[in-house]
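Right, one structure below, let's go through it.
Every chain is named by a letter (A, B and C) in the order it is written, and numbering of its residues begins at 1.
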Amino acid sequence: MRNVAQQGHKEFQKDMNGEFNEYLQAFRKSTKLFIGTILVVTLFIVVICAPVMAPHDPYKMDVKNRLSNISRTHLLGTDHLGRDTLSQIIYGSRTSIFIGVIGTSLAFIIALSLGTLAGYARGIIENLILLYFDAVRSFPAIILILVVISAIGSSVTNIIIVFGFIYSSLLGRTIRAITISVCKEPFIEAAITLGSKKRTILFRHLFPNVIGPSLIVTGMYVPIMIMSEAGLSFLGLGVPPPTPSWGTSIRYGFENIMRAPWLILPPSIALALTMLGFNLFAEGLRDVLNPEKRGELIIS
Amino acid sequence: MLKYAISRLLWLIPTLLCVILFLFSLIHFAPGDPVDVICGPRASEETKALVRDIFHLDKPLIVQAGYFFQNLLKGSLGVSIIDREPVIKKFMRALPNTMVLGFFAMFWTFILALVLGALSGIHQNTWIDYVITGCSFGMISVPAFVSALILLLIFSIKLPVFPMTGVGEKGNVLDQLRHLILPATAISFGWFGFMCRTVKAMMLEVLAKDYVKMERSFGVPSRYIWGKYALRNAVLPVVTQIGFAIGEFLGGAVFVEMIFGRPGIGRLLANSISTLDYPVLQGTVFMTTIMFVLANLLADLSHGFLDPRVRHG
Amino acid sequence: MDKDQNVLEMREVSIIYRVGNRIGKAVDRVSFEIKKGEVLGLAGESGCGKSTLAWSILRLLPGNARIVSGDMILEGKNLLKLSERALNDEVRGNKITMIIQNTKDSLNPVFTVGTQMFDLLRFHEQEKQSLIASFNFFRRAKRNKERRFRCIKMLEEMEIAAADKRFSEYAFQFSGGMRQRVIMAMNFMANPAVLIADEPTTGLDVSVEAYVLELFKSKIRKYETAVIYITHNLRILSEIADKVAIMYAGTIVEQAPVEELFDNPLHPYTKALIKCLPESGVLGEKLQEIPGQVPSIFERTENCKFQPRCPYSTEICTQAPPRTGKVSSSHFVLCHNFLTVQ
């Protein structure tokens, strides 16, 4: 039979595999999270180091060399105005990330405030907020964005504001659902029974527990916004040129598709990889944070 | 359940009212004077005044909205500023192109997603699963217009297999099919990725259920369990997704139609925006919103209908 | 098959589970036999391996489990030698059937109860017909009518009122007790040689439980089915079983005819279990419990698995594996000290 030392060793092992290690184990085993993190980190490196990485000034036009092929000076060729494609892609990442992150942050702030309020307050306030959410959601998102942008003009600020308000409606609904389920938890009931003021419950108890899962869901919207910005720019209603944007680059590629068909590839691949990276990262993170899936990952 | 359907339909009316008011107010804020667009920069003041009067462009918003609803009750959606053609006619001409594309794409996507999703669930953690799941994930991440462009590049320009633009000759079904394949594939990528993952997740969930264990213990052959008993349970959420996908497709059609030159609703909308053709813009958005809300409603109801628990209880 | 031959014989069956890279023995050299019409009660706590054993007979274990040794002889044939196809077509739902525990998902929710019963008849039809004959619609319609009739008759036999209406209803429209009776109907319709009942009345209200148990008893007597009745409730076994096997941590520690087990329990675990029953105690006395926990499947050794919790353990219990003591031709105990224990 086992002796005390062996038993102790067994217990020691159990302690070693405490909570923290569990996450690390799951992280190492999750291919999704791994690849996602690599892609996202690469993207951020490109965004931050753009001035250092880009071989040319993306705004500099060189009309004599327009639509040129891959060469040693222009690694990915030039667009129809002679600007270096590679630099355009590198600087375009800045636009995408800027709009994606800031837009998502705006949507998050709006959705969090309205969603928590709706989920907590119920009654008339909730119905009004829901009315706003549903009204926005009754349009196909792209059409709504198109119409609004075409009305108020397209600029980076306008795009961020429009995205923020429109996407906050769907996010707000989800956050409201999260709030409602958190409200059902016993500790909230306990706080109410103990006589805490409404404001205390909202800020001290509710918020911290709602923010966690909300952030994870919000993360999914960054790639959506990046894609929407690219789509808008593709239609000509996005970031106004000459600001580099992947969507605009794709548009130029499309317009010149007969003369320089390869031009659509670099921005398309950049866009696809970015979205893939964010999706993988968000999904992978969600899996690692979910106790069931985490267990599956460790066992596999 | 009938009550639910009716109440949802009734909600449509105030929604549409808000939509119209919203649209009108937007157009009011837009830069650029449509009168200049119609008449051109060298028109005389009288012409401009005339145009302004005909199209009620100088009246307050509410009045313009009033005229819109008046026309609506008469069955008309207004007349294009640019070429004086009734908006309804433009819309009806464009609608079939978009609908055919949508349904064709959805048909194949659904079948493929069902089969491949079920396969990946049944053969979990084998190479089949990895390939299918990997592909579906990749497909979700690539936006529709990007895949459309790449498909166009490969299969239309580099290898002239499929035609680049247009819808095909009227009456020639084969030719129309040829024109459908590339755009339908482009759209279906995103849908397939999503639906496939849903089917797989549901299949896995269902195959772990007690009743499947019970059926196996009675010696029910595997192909029946997979094809009949489990699948029927797994399909439920997917069918709901179809409705929502078609609804959201109405918006996304803009890109695909622009790239493949299909004269559908999306292109109609995009053109009306760039030419500042307000009646067409209003009419198209109005109709599209109705269709969108109806599609969502149908999706919602279909879920209730397919589940016998909701149907009977 | 005459009355004295064994319908089912399990010989030294062992089953392992694999989690990650650890291997645990869930069932360790279990043996028992059942004759026609006999009811074997398999009792034990949660985690002792009785459900695993049951599913292993039908070879429906989860992917990470393996039967590593032993034989299972059904009516003279070794089940472990059958191919999966043969097992599925001839044994499952035919010679051996199972009643699973009642849960809200025990029947398929999107098909009517009737369809599910009907399909079972279809899958196990004995005659193979030619392709041409299958096109004979009249024959087919007639056969379907007969099958439907059989199903409804069986539902009536399970004392389900308005059986023909119930035939076209869905599972959620049935109460828990009725759902169990539907599954029982499916079982008896197949008229199996062996019926495995895995906690069939657990989760039902007490009055419903009593009713279902009585019905079950009358049916197994009528059809002369051999039954493996799995439960943790000894009281039920005292009513329904002919002989009882007590399982602990994957091994059968005692096996005896039912009266003898209750009159003369010899294994310390059996004794403790019986003492735990509220009926055994005196009114007002504290309920008995067995201190300690069942060892996890990864922590089991060759020696007596009950030893850490056994009040009668001696030195030999930690040094050598216990041997099966034969008290009589039908009473077996797996313990070093059963002779000396009071």
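In the analysis below, contacts are C-beta pairs under 8 Å (C-beta built on N, C-alpha and C of every residue); 3 or more make two chains touch, one makes a residue touch a chain.
These numbers were taken from a predicted model, which means no experiment stands behind them.
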{"item": "Between A-B and B-C, the pair with more C-beta contacts", "value": "A-B"}
{"item": "Identity of the chain that, by mean CA position, is farthest from subunit A", "value": "C"}
{"item": "Rounded Å distance between subunit B and subunit C, as computed from the means of their C-alpha atoms", "value": "54"}
{"item": "Whole-Å gap separating subunit A and subunit B, where each centre is the average of the chain's CA atoms", "value": "24"}
{"item": "Subunit B residues within the subunit A interface of the complex", "value": "15, 18-19, 23, 26-27, 29-31, 125, 137-138, 140-143, 145-146, 149-150, 152-153, 157-158, 247-248, 250-252, 254-255, 258-259, 269-270, 273-274, 281, 285, 288-289, 292-293, 296"}
{"item": "Touching residues (chain side subunit C, partner subunit B) in the complex", "value": "58, 60, 88-89, 91-94, 97-98, 100-101, 103, 105-111, 116, 119-120, 123-124, 170, 172-173, 183, 186, 190"}
{"item": "Subunit B - residues contacting subunit C, complex", "value": "209-211, 213-221, 224, 229, 232-233, 307-309, 312-313"}
{"item": "In the complex with subunit B, residue positions of subunit A that touch it", "value": "134-135, 138-143, 146-148, 150-153, 223, 227, 230-231, 234-237, 250, 253-254, 257-258, 261, 264-265, 268, 271-272, 275-276, 279-280, 300"}
